[in-house]
Amino acid sequence: MKDVQNFIDTRNINIKKVGVKTVSYPISLRDRSRVRQHTVATANMYANLQHNCKGTHMSRFVEVLNKYHGDFDTSRIPEILKAMKDRLGAEASHLDLTFPYFTTGVVSPCTEREKDYPQKKYYCTLHGSLEKDADVRLTVQVPISFTFGSEHAVSCRWGVADVAVAFRNFYWLEDIIALAEAGIDEASKAVQSSHEPKLTAELLCRAICSQLRPVRELRSYTVTVHNLSDACATFASARG
Amino acid sequence: MKDVQNFIDTRNINIKKVGVKTVSYPISLRDRSRVRQHTVATANMYANLQHNCKGTHMSRFVEVLNKYHGDFDTSRIPEILKAMKDRLGAEASHLDLTFPYFTTGVVSPCTEREKDYPQKKYYCTLHGSLEKDADVRLTVQVPISFTFGSEHAVSCRWGVADVAVAFRNFYWLEDIIALAEAGIDEASKAVQSSHEPKLTAELLCRAICSQLRPVRELRSYTVTVHNLSDACATFASARG
Amino acid sequence: MKDVQNFIDTRNINIKKVGVKTVSYPISLRDRSRVRQHTVATANMYANLQHNCKGTHMSRFVEVLNKYHGDFDTSRIPEILKAMKDRLGAEASHLDLTFPYFTTGVVSPCTEREKDYPQKKYYCTLHGSLEKDADVRLTVQVPISFTFGSEHAVSCRWGVADVAVAFRNFYWLEDIIALAEAGIDEASKAVQSSHEPKLTAELLCRAICSQLRPVRELRSYTVTVHNLSDACATFASARG
Amino acid sequence: MKDVQNFIDTRNINIKKVGVKTVSYPISLRDRSRVRQHTVATANMYANLQHNCKGTHMSRFVEVLNKYHGDFDTSRIPEILKAMKDRLGAEASHLDLTFPYFTTGVVSPCTEREKDYPQKKYYCTLHGSLEKDADVRLTVQVPISFTFGSEHAVSCRWGVADVAVAFRNFYWLEDIIALAEAGIDEASKAVQSSHEPKLTAELLCRAICSQLRPVRELRSYTVTVHNLSDACATFASARG
């Protein structure tokens, strides 16, 4: 019986965090053209527990999901976080939703040649947290590609920019993507006109930040640019 | 010329972090039986830059790697971090190494049936950081499986435990794995003997923590147990 | 100029197959309850070229996609294949569509405990080919899980069954899933009642095949059962 | 008891193929510079069973692995296949080994800038089959990258070439990589010198094939070139 005796001691260990991961289900989102877009999201939900918490009920995460499923809207994230925090008696609640977002409306010079493709896809993550106040952030992955040579003879993938923003006021996802793509164009032109010697992760990172800096709707942003063309994938990160 | 004029402004944006990712190369490690084990690691190296840093030299990461490659040893991680910090003139340097680790020596009751397999594989990550003092942590993923029925009629995968530790003194990776597997056995027995009603992520998490708690060589630990058997993958996390 | 001279010789080499891969976009499908289900598919489209084909026009794949996008239905796959074959002047055309499919309607004893979850997800692939006649096949991945102990104390993931079928007549995806889950239950009961000594990939494979065999709507089927619980993942495959 | 009665019928269903998947372990290989290279391979082993086969013994795959593990050499693949076929009483046996291969010796103009990197990595797969005669094939993934602008201002990833070969006589892996990279250079130069209007998957595919065609040591080859720079990843395939 030694094992079981032993085992009772483990109850002094406090679980700090519990949750459910990679629950996937269809969601719909309103896009800038006011059309409902249907996509599939992967959700992570978790809670920070109080010190004296004696037991958790994982099924309550599912109850909350079930309640909002089918009528999901990004504007309801604070309400979902509140329901999670209350239902679990938690100190803080968190929700991450990752989904591919499709757009046809954003055309930038560097991506013009893709205009015939059915749709452009961007991986997005919405991160919501609630301790005292709800905090919602958005991360979007913007591909970085270039076209070279006479009549665009060669088109290449350079890397990806991860653009994470916290909102002061509402701002369209499509506009964040457009700003990131404008920054990428600017960096590309600076190299083509020899104002910059080399296209680097640092140069692209600063160029994208300079586009986001004047936007009053954004409370803060973090831009990380990854060069995937290298065997050694370099990256650079800045905040504002 | 507007673009380029515009562009010059971006230089006021400070890059905070630069690095190289997913550089992979063969390393060798000493295992508990004193045999050199050959495996393949994926390295991430990055640095926090000083506020007034005017430019970074990504190639210096590669120089440092080249210098230590071929003669790598976990005990040299502080030395590599120091070289990175100095060479880049950085505030702090970081190195992550992820690799599969193979072992035949660890046999626990729950895994006994695997003894005929060529080797057991555990994914490990070494995380080193240097600001003032070097800090080295290790994370190991320990699979959680169970066997049921008369004569082990059914064997199933339940999930995985991520065990992260910070060292006070040297401690073998094999011993951390053995402790985690002992915790898994203990939780399993508590359910089989009906001392616990249900096998949950929380129960397994507490059982593994209770094994790590007495180990003086460990300064701290975080255990996160993931149940991968569910459509809704639950997890629980605790620290000590 | 040697390189370029050399290069001209390469034109004697005939390209046998061209296509586009991993184009992803939202599709909608009719499910058994007659509700339109919205999901995100990844498409591969390719064509076998005629021996004397002098050049291909990859953009024509995109034209075909654009034409059917927004009004996609599985019943239109032969029509899409015909459009691809004609537009590219090809010997044969192929289309693969992979997507997660969500269902609440299928409840089997082994999965009953998941009934509170928002939805069950199954990865499906539709494979269409057209040389002379159109041939449409469907593959669905059915997770294999088990629950053990008094009051379902432990639930575990055992593996996955890949069920591939060719249709003689229309048959609902939900019914194929239900048959596979009935086979899994049957194998499980045979082990629990000791009519079979051990739950193996072969046993599960035969049990699922025996469910599909009487279905006249299916022209043929291939079942491959993977045991993911092992360090050495075993599998068994049978056809009918 | 209906279920169990029912179940007995399933025994008429013949299992056609059994095996073990994703067994991973360290292997060592001799490279061109005669140095033993240590890497980690993932193995798939499977067998086609005879029609009247009454039961299989998956553990025999493991026995065979155990016997050759630690003393593995590519030249022993036919011997391993023979042992698998005999031990399982199978009609045919198959072995796939996938591993990253590291090289410093291959430098081509397009990759010259990577010479400072610790090592270049290529994913390789060895496929062995034995029905009457042993057949060994090798697939290697060769990255396709380009550098543009004055003083190599921009370097980009274009895609990847999958080069699969069957051997008539021994031929070094390093030499296959060198030929593929020579084909990539040639196609690049043809575009830069405007002898070809555009860099396409077809052009690169023909250029690589033209390099492999004269090699007498190769019995056959299949080259598939994937353009990963596009949202719509195009590919082209040819054989010789």
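Letters A, B, C and D mark the chains in the order given here, with residues in each chain numbered from 1 onward.
Keep this in mind: a contact is a pair of C-beta atoms (placed from the backbone, for glycine too) under 8 Å apart; a residue touches a chain by one contact, two chains touch by 3 or more.
Bear in mind that the values here come from a model prediction, so they are computed numbers and not experimental data.
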- Query: Between chain C and chain A, is it the same set of residue numbers doing the touching on each side, over half shared, or a different set?
  - Reply: same
- Turning angle required so that chain C lies on chain D, C-alpha fit (0 to 180°, nearest 5): 180
- Message: As a quick test, compute the distance in whole Å between the mean CA positions of chain C and chain D.
- Response: 25
- Task: Take the average of all CA coordinates in chain B, do the same for chain D, and state the distance between these two points in whole angstrom.
- Result: 30
- Message: Using Cα averages as centroids, what's the distance between chain B and chain C in whole Å?
- Response: 35
- Note on the structure: So chain A residues touching two or more other chains come to 23, 62, 117, 121, 230-232
- Query: When you draw the chains as points and link the ones that touch, which shape shows up: line, ring, star, complete, or other?
  - Reply: complete
- Interfacial residue positions of chain B with respect to chain C in the complex: 114, 117, 120-121, 143, 145-146, 148-158, 191-192, 194, 197-199, 228-232
- Touching residues (chain side chain C, partner chain A) in the complex: 23-26, 28, 37-40, 59, 62-63, 65-66, 69, 100, 102, 116-119, 121
- Message: Please output the residues of chain B touching chain A within their complex, sorted ascending.
- Response: 3-4, 6-7, 9-11, 13-23, 46, 55-56, 58, 61-62, 185-187, 189-190, 193, 195-196, 200-202, 205-207, 209-210, 213, 224, 226, 230-240
